[in-house]
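Heads up, the next two complexes both have subunit A, just with different partners, subunit B and then subunit C.
And now, the complex of A and B:
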């Protein structure tokens, strides 16, 4: 019978889903605009040209971020928040050796903070509903990843070349972040 | 029973008891042994035909002391009279079975097959012994008859004494040993391992003469039994000698201090030390924890390990005493970061007249490993109360560097702070309570009630001030700086357009600030004195003067109405960010009635439940900013109305009805088709012959039928003889009529036509030719 699928479909429709108050579409649009501004600002950071050894550091981005694995929107929000937090923390460090325009860096931080603030208002509700243990492992991996970057910077004594490497890495991260915002959909 | 088998002193006690009994009964003239000997003698004798094979040596009774001959002889006589084994076995059965648990309970778990007798035993007896208790139990009959005189009593006594002993001891081992002691000879085959030896011992002791030798025999038997029983008893007894692993093992992690705590399993055991090992994922082996090897304390601090706090760690602990070690107690693997508890933060206070300046340091030390990546992620909540009076407590969420406002001057306030990590759902411990006195009221109060407005080109800051003729200045700060602990007093920047303004407001262009979050503060001065800074007002550049009304989307779902509040339409092209923390005031009413209910909601997606089905409800909403007495609201949106759907039951019925209808549809279609065909058949028949007819009559058959009435086939023939007649032949058609003239002939020929086709044909052609020639 060709119409057998109707009944389960109808039953599915009857199942009422819990109303999620977080307006993910709005959040997504907000994050996207800020993120693109961040990327632009990051690219503008051009310090004094300096020859640096070809130091291709592999900081080992967590796989699920790099490959933009399928995320639930709540998990995506948490991951994005975590990434923004660490980005903010890293760029607070001493970058005097680079000769970057401070205003640009400050602007970048303002944008990052803005994104975080938008997420924070939604995070409270997300944390109320969310009870996934998945998020924990990814967030732990993210912490380890950013710790590697911090330790690298510290080891290289915040030199210009080290900052250049980190700048490139952060650009990559923001690109990943952009991809992650795709999952913030109602 | 006074103590369990596992007690070490048990063995000694059993042995002593045996000796005591043996001694006791020795005085009684070795009744035991004679009795025993008699029994074995009887057993040996009762092997029937194989009686003779049993060597006199194996019969201890044979060497019974001379003191006993009369009895023995009597017994012998009786024995010979009876000539059966069974009663003796019965006797032995009676002897052994009353023991609680019976000899059967002593059966070693894996009964070895009866070993080949080391000395010639009646094979039947051996076999019988091998069968074990079943045999004993099967033994019927009364033994009393045979015994006649003396033996029953003493035997009975003896049995009772053994039985009572068994009852008193009540252990399997003791009874086993007893039965083993009893069961010399054949029944020894039941015994494990050294069982073979006991007959030998019996044999040896049997050879010796007299009671002392019997005693030695029994002693030897018991010691051998002890040795034999060791494999079974030792594990049980081992508990007494070995240590138990520690209990209540827990991991406590607060900030950077990681402690493993446990408790001793047995408090009475002294001089116990503990050792702890750990394991990390990279290394597959357990590593000894330095500083926690053979320690006497019941806790171990493993903070010094400098573990990777985001990686799993496994720990195990055990107790030691001398050379004994308990088994390892393994703690489930854990990730230190996940187990860690946030410790108390450090709070520094500075007092103003109506405010207290906070300086909170994050939990852990400066170079904390645990919170290295999270130092700026902590959110702090504070509880403050007046020390003096009832102490109404006020809870606030604060930044690491913040101010608590709305306090009274010259009052003592006490507060405590705790840190929180929202994403990890961790709540920290409260800091110790610290108190401070607010200062005397300042002459110049700070400006109050700061509000920030904006229009399309400028931002406008407005505030209130008590006194007139003051100059004001405003400063701003990057919002993100507030997240970080530490001083940022020097990071405040002047607002250029707000320096030394005389009015209680200040206007500056939008271009001053790029999109983001900032803080603004205002200070008043009148030349000589300056007031303290006002409250730090949070300033989000996304705020607009005009809040556009939201878009409402209604959906009726199953007896309830779902409301979606969407972003307002914008006239401009660029996407305007909605001011965050918008509250929506929703007016909700039934279309027919006039009573409206108002709801304030922050959510943009919610449902009105429990509505009347099939009624029209209307909704309109407006957006508000309810922030610090700043009442900004948009206009009301358009009213949207929607009818609610029927209730649950009717809805399911409806769906069921639809489904059924859809299922029936193909059937209906089929029926209709059949009907149509019927109608067609009845009212509009086709002129075609039925197909059956077609099939039956093939083409050529039909044609033959038809052709039989019409003219016969005329063959075209070419006559080779006369070249002139070629043309004539072609005109056979025309000649067909002429042919009819010769009907008689032709008819004849037609009769033969079928048979003689060629001949008639040629004949015909000849006639035609003839005709043609004529």
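And now, the complex of A and C:
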């Protein structure tokens, strides 16, 4: 009689644990699906074909992002959100010289924004519990990386070749982001 | 002279347009052979874990005889020439060892020539993460009783483009199992160290069932997959050596479990008393040792006296206590009193052959030397003949008769079992030491006399009119009275009814333990 409360508490714990585990798996599935679509849209942005060998640039993506090292799911979620946020900022700049289809660009921005919204619901809990310093360092490096891209575009005056180089770099970013979603597992 | 001078002046002027036009055509030609992205289409395929880049010119009228492939990336790295793909006649190139990143954009250039003439010079961007077509690997299946082994051929070294620094692969291996309409997907773990023949076991299959297997590689980014052709096998029952053995073992275990459960149930029921199983049989029911059967011995033959129970319906004769001679009548049931206060009663009856003479005398005979019926008050020797008073047991049969003439020696001398006797006279000698009597209680005539000296049997003093039954028990020693010998002070119980019927006239005088009548 005195242990009647144990069973309901155990059930509540199992349900809550199950609910939390379902969130990450569902988030991973949703992010991978949206990210694959973003890749296809970005790939369609060809415009006037130019090789632009003189405008090539090494923006120095953080090595932990390029090599997809082991991440905690909380850190992976933070990094993914930061990358999506900067991607959104870059493609909101002037791309008139590229001749890209604006509808495709708009669809790209909508999908990126949708991924960010899905991450925000989980990031509120992650930000409260996050105590790792590794995630903060990586985010700082990411900020510098995307600042270099923005400065490059500005320096090249948002030329077609500059956007061609940035387009190629953003394709790499989305591919890295796909690899990071593998760590969003329970 | 002037014409020749004019001809000489005109020739240099005519050459300038020619040169100009020639140069113009040359430039145009040069422009026509410059890398044109639209003139070629590339196809990147992963075949048997080899990265093969093939191309096709969009203008099929132009057919170069030789090709040269080169590439560059969007970072400052220069033009990279593939040495294995220079002056080749084939229209594909193996770039497994050249390209090391799936996420890099490769600007690839192909120059097609014929002889010394460059016919085409095309380029295009190739992004392997999206543009690679993953062909399914080669595999074999081996069917057993209840499982299938799937053997996938991996290369000795996995292309570096497919493996990241953490040995994770850029793609996944999928094994598809089909049985009828049921499809199951198996995702075996592979990494950069997976090489050679990779064997995966699909177990828990149903024997005597057809299964089909398909294998393919699933990229991370691309959604397009290419499945291999199905390879099917039928699991034969004859191959079920393992399953039959396991079935036998399972059956044996099941039988043991059932027996254990049954035994434990019986034991439990017996302990709780629901089942009472006796295994301690009485010895008499033990028939196992037939040789040890003990037949009960017959009891030794005992001398059994044959006794006849004679029921005599006789009215009880009221003793009027008169001793007149005229009273010798039928209604004289009262024997005359003896001189010493003894009552002479004659008791005749059967005597067993085994009886001794003494016992027979005790049974029947008074003292043969005793004078015939002394007068009342006279003393005489105690009579030895027993005779229960109230019930007046007689051992008579049809041959014997009572005699009323007590004075005439009712007891024959020669035989205590003499059958002589007068008509209604009952003469018997009573040994008061051997019988019990009780004193009459005059105060309460209703109180029945108590037989205090007859422990084995009580006397029911009832109405004299009732049938009197006597039982004479004969033993081996002679006739025995059913009652033990009472002490002297025990007196024969008088008939209560007789007392009742004759209370007014009866006069019991107890003197010296004898009844005086």
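As a working rule, the second predicted complex is superposed on the first by the 160 of 186 C-alpha atoms of A that agree within 3 Å, B and C clash if a C-alpha of one lies under 4 Å from a C-alpha of the other, contacts with A are read in each partner's own complex, and residues count from 1 in each chain.
Convention: contacts are C-beta pairs under 8 Å (C-beta built on N, C-alpha and C of every residue); 3 or more make two chains touch, one makes a residue touch a chain.
Since the structure is predicted, the reported quantities are computational estimates derived from the model, not experimental observations.
Engineer: Give the label of whichever partner, subunit B or subunit C, reaches more residues of subunit A.
Structural biologist: Counting residues of subunit A touched by each partner, the higher count goes to B.
Engineer: With both complexes overlaid on chain A, does A:176 touch subunit B (first), subunit C (second), both or neither?
Structural biologist: second
Engineer: Check whether A:49 is in contact with subunit B, with subunit C, with both or with neither, and answer first, second, both or neither.
Structural biologist: A:49 contacts subunit C only, not subunit B.
Engineer: I'd like to know which partner A:154 touches here: subunit B for first, subunit C for second, both or neither.
Structural biologist: Neither partner.
Engineer: So, A:93: does it touch subunit B (first), subunit C (second), both, or neither?
Structural biologist: Neither subunit B nor subunit C is touched by A:93.
Engineer: State whether A:39 touches subunit B only (first), subunit C only (second), both chains, or neither.
Structural biologist: So A:39 only meets subunit C here.
Engineer: Across the complex, what residues on subunit B touch subunit A?
Structural biologist: That would be residues 308, 310, 335, 337-338, 372-377, 422-425, 478-480, 483-484, 514-518, 540, 557-558, 562, 567, 575, 577-578, 580-581, 602-607, 651-652, 655, 658-659, 662-663, 665-666 of subunit B.
Engineer: Hey, which residues of subunit C end up touching subunit A in the complex?
Structural biologist: 35, 37-38, 72-77, 79, 102-105, 107, 123, 125, 127, 129-130, 164-166, 168, 220-223
Engineer: Which residues of subunit A touch subunit B in their complex?
Structural biologist: By the definition above, subunit A touches subunit B via 1-3, 6-7, 10, 14, 16, 19-21, 23, 26, 29-30, 33-34, 37, 78, 81-82, 85-86, 88-89, 92, 106-107, 109-114, 117-118, 121, 123-124, 127, 136, 139-141, 143-144, 146-147, 150, 186.
Engineer: Show me the residue ranges of subunit A that touch subunit C in the complex, using the header's touch definition.
Structural biologist: 36, 39-40, 43, 49, 51, 53, 56-58, 67-70, 164-165, 168-169, 171-172, 175-176, 178-179, 182
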